[in-house]
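You will see subunit A twice below: alongside subunit B first, and alongside subunit C after that.
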Partner chain A sequence: MKPGLFDRLNRVGAWMVLLFLVLPALIAIPVSLTPKRFLSMPEGEYSLRHFRHLFTSPDWLSSFAQSGIIAASTAILATTLGTLCAIGLWRVTSRNTEIVRAFLLLPLIIPQIISAMVFYRLLVPMGLIDSYPGLILAHTVLATPLVLITVSASLANFDPRLEQASRNLGASNWTTMRRVILPSVKPGVYAGALFAFILSWDEIVVTLFISKFNVYTLPRRMWNGIRENTDPTVAAAAVVLIAITLIAFAISAVIARRRAQGAASKD
Partner chain B sequence: MQALTRYISPGWLLVAPFFLLVVAFYLGPLVNILWLSLTDPEPGLGNYRMLTESDALARILWTTLRICAITTVFSVVIGYCLAYAMVHAHQKSQNWMLTLLLISFWISVLVRTFAWLMLLGHNGVVNSGMEAIGLIDRPVRFMRNELGVLIGMVHYMIPYAVLPLMANMQTLDPRVMAASRNLGANGVQTFRRIYLPLTIPGIVASSLLVFILSLGFYVTPAILGGGRVLMVAEYISVQLLVTLRWGTAAMLGTLMLIGVLALLWIMSRFMRLTTVFGGGATR
Partner chain C sequence: MSEAATGGLGLTTLTKRFGGFTAVDNVDLEIRRGEFLTLLGPSGSGKTTLLMMIAGFLDITEGDILLDGASIRDVPADKRNFGMVFQGYALFPHMTVRQNVGYALDVRGRPKAEIEARVDEMLELVQLSQFGQRKPGQLSGGQQQRVALARALVFAPPVLLLDEPLGALDKKLRVEVQDQLKDIHKRIGTTFIYVTHDQEEALSMSDRIVIMQNGRIEQLGTPTELYEKPRTRFAAGFLGKSNFLEMADGTHALRPEKIDIAPQGGLGGNARLSGTIRDITYFGAMKKYMVAVEGREDIEVGVDSWRNPHALHEGQSVELGWADHASIRLEEN
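Let's turn to the complex of A and B:
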């Protein structure tokens, strides 16, 4: 069937929409290169002074480090909890599993502003406001559902007879888990860990409520910079974040390709 | 232990850690907030009565619903065209399109909001560009009003609208459309009478998803609205962090929660929720 005029117009429109989605963020690049001390477009002259400031200012560096620590801890905890949970739900064959699964996805689905209230309400009496454990706890609850989803997707392609075979050959529960199940859901686990890291690394709404000044994550510092709307260091930080996003995206694409290959080689 | 595992499948032991975490550290305080909406500052329905008594509150709710509805319509219409083009493109260009879509999906909402701030401001790139080519005499107000909030929100929501639509369109059998053409229907008729009705589940799921996400959206309205477009999420944060009125905030949170759960329930009748939230993860 030859594509009609309408189809062709729609295709052009689709590419324009895609450019509309991606291009605006790139405005951060010229703004970050301005030689002026306030947010502006550079006019003929470029300077890297704002990147220099970003990578030498103790404030920004500590925010990078804090976000890194919190995101890495969240990724480790969420990946462990989420993987166990997904395998558990997969092994239990009862009609309750779908209800339990829906319940466990709630932290992901409920609007973040409500989650922010929830964690604020939780952490104030515990004395964990504005502390690493508080932020890691909150981010872990929010990120684990993502791991649950990705690992469950991997498990859907896993043949349960492999598990039975392993058990019949005399392997214990633990050995089966370690040597048979985990290796075959690896792509889902990696993807989940990456998503969990990104969620925590980017998280702003809940963080705004449960941190003050001891813990000042990167999104928090960007939020302040954007609100004040003067210091071009924010633009430099935005450029760095875009670069990190592209790297993370490339990693996830590699994982996805490996997963596709794994699925293809099994057939 | 053995007696225990006979009645309870050992799989539940693996589920338990996260289950208990959610119950203790999420569900617990959530129920506490629902309870607060009925008891703070005094027991009764006082907080809910404010909905009918306070003009400010009614205006905020109306602004929120209106902006969410407009965002949903634009995101889903644009998303539909995009999903259609992507599903029907050649494999190679489809991969490129998907890459661009996912990159925009992954770019931090703060970075994107910052970009719009630079583009749409009084002396922003869009205004100076249009002035330079003589399209306008003086800067257009794109920001600190609903227009700015809408631009930012539609931009953020389009990828969310596309993913469920694509999942739906990919399941359609192209032979049905071919049959319609063979029976003499032209392209427009085939689209209107066959394709569009078959994609209604996708349209409903994507509309509900975008509407749900818009309802609780905080970052973009707060920054691009510049304090002049007050939506429920920002009002809740002011109640909690500035005026410390837990009762009002809890009441608004409860309303939002009930709305979201109701919409999710409707959505679950059209599509498996894990398909939507898995972002293409099939199960």
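Let's turn to the complex of A and C:
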């Protein structure tokens, strides 16, 4: 059957939306290749000098490392908390669980600028401002709801009889969780960890409020780079950031597909 | 395989309420050590709720459960040591068959060598020795069912609970697995408590059957007792088929195969009713006649096909007869 007018419009529309969403990010690629010393589109000439600078400057390298440490720590903490929380809410069936769940999702709903203020007010008296623990704590609060969502989604497909079977066979609650529930919700846990990592990796609003000199994450250095000296190294950093994010998603997609094929080949 | 020295269960005034709804209502039941007991009933009759209370997954509202005389009311599910085969099997999908079967021993911290030997023994019992390294998803429904059985029996439980374990199998396979289950029950001597809504399964496998309705025990007895001497209309209609006849002393149940059918005058003086054949259905071994009788509901008559001497056809006038002891008077309810 020939595709109708509506189908064709639909397809064109989809591509337009995709371009609209992706193009601004892709602008960073040509800009990062400009030979000039300020942010500009390259005109005929290309250069990798900004990438070279990015990977040799101690300042930029230290920011990469700091962002990496904070994002990894955030991912570990948020994944642990979010997973425990999701399993707890799944096990306790009461009218109040939905209220608790809504409450736990608040960090996603509250405007980040407000979260940023709150963290500032909280961390100053605790002496955690401008420190690794402070940033990791704040990012963990923001990222935990993401893990809660992905793990809850996995649990929705989990057959509660598997838990009963494990208990019936003599396993304690803890053993059941470790050996039956967790392996079954692994995809949700991995997805949640990935989202938590990415959230922390490119978080800027809260970070601006609660860091100063000691901790200088990658997004923060890019922000300063643009504000102070329109340094094209920022574009190079953006390209690297996008690439890392894409690679992380590609890996998770491959894992998910392999898992799906594994499941399908059983039948 | 050890002869189970325990496994007698006593249910006393056992009751389960969910809010205002009473799922299990004041059940008293003595389950004998080593017997094959079936809980039979339509969905919503409370049979699965009863099983879940025995397994320890549901709290008891009132009453008690005794194992060999001692209350297990407050023993958590993981400490009851009852094996269970779940509806849909509930095999752990991320573990191999061996890991599934060995799980109960593994979580009890038994030594590796003992687990391996015991798993081998169980896989042999259910004839799956060559499938140990497969994942459950790579097995057929019947094989999965056997893995579930091996997993539930590996720690030699005194009681095995089975929740509609054959529901997902096709009919031919179901009969095969029924025979295997019966055979295994005989060999290991464990008490089997079997939940089903399938009356044929209940009749062919059980030592005793409990017919349940609305959370209560409708009738308890051996398959023969229940089929030959149903006490209530529900029991007579649920286990096997029955015609119900209003007689001078009350309602009687009359099984279709206990009725003689012949053309008018063919029964000599023994005819009790006459009517017209409305419909004939052929089942191979059996033929079913639906006979319209004036002033009554249609009467179903079942006849062995090969023994049917008269060539009866639809619309023919026939007469029906039966022996005095063929019809069973039911209790009023």
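By our rule, the second predicted complex is superposed on the first by the 246 of 267 C-alpha atoms of A that agree within 3 Å, B and C clash if a C-alpha of one lies under 4 Å from a C-alpha of the other, contacts with A are read in each partner's own complex, and residues count from 1 in each chain.
Here is the rule we use: a residue touches a chain if its C-beta (ideal position, glycine included) is under 8 Å from a C-beta of that chain, and two chains touch if they have at least 3 such contacts.
Note that the structure is predicted; figures quoted are calculated from it, not measured.
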item: Partner touching more residues of subunit A, whether subunit B or subunit C; value: B
item: Subunit B versus subunit C as contact partner of A:Gln164, first or second or both or neither; value: second
item: First, second, both or neither for A:Gly88, with subunit B first and subunit C second; value: first
item: Subunit B versus subunit C as contact partner of A:Thr56, first or second or both or neither; value: neither
item: Partner chain in contact with A:Val180 - subunit B first, subunit C second, else both or neither; value: second
item: Subunit B versus subunit C as contact partner of A:Val118, first or second or both or neither; value: first
item: Subunit B versus subunit C as contact partner of A:Ile242, first or second or both or neither; value: first
item: Subunit A residues contacted in one complex by subunit B, in the other by subunit C; value: 173
item: Subunit A-touching residues of subunit C, taken from the complex the two chains share; value: 55-57, 76-84, 86-88, 90-94, 103-104, 107-108, 135, 137-138, 151-152, 155
item: Contact footprint of subunit C on subunit A as seen in their complex; value: 159, 161-162, 164-173, 175, 179-180, 183-184, 263, 266-267
item: Subunit A-touching residues of subunit B, taken from the complex the two chains share; value: 9-19, 21-22, 25-30, 32-33, 78, 81-82, 84-86, 88-89, 97, 99-104, 106-119, 125, 155, 158-159, 178, 181, 187-188, 212-213, 215-219, 223, 232-233, 236-237, 240-241, 249-250, 253, 256-257, 260, 264, 273-274, 277-278, 281-283
item: Contacting residues of subunit A [partner subunit B, same complex]; value: 1, 3-4, 6-7, 10-11, 13-15, 17-22, 24-28, 31, 39, 41, 81-82, 84-85, 87-94, 100-122, 137, 140-141, 144, 148-150, 152-153, 156, 173, 198, 202, 204-205, 208-209, 219, 222-223, 226-227, 229, 234-235, 238, 241-242, 245-246, 248-249, 253
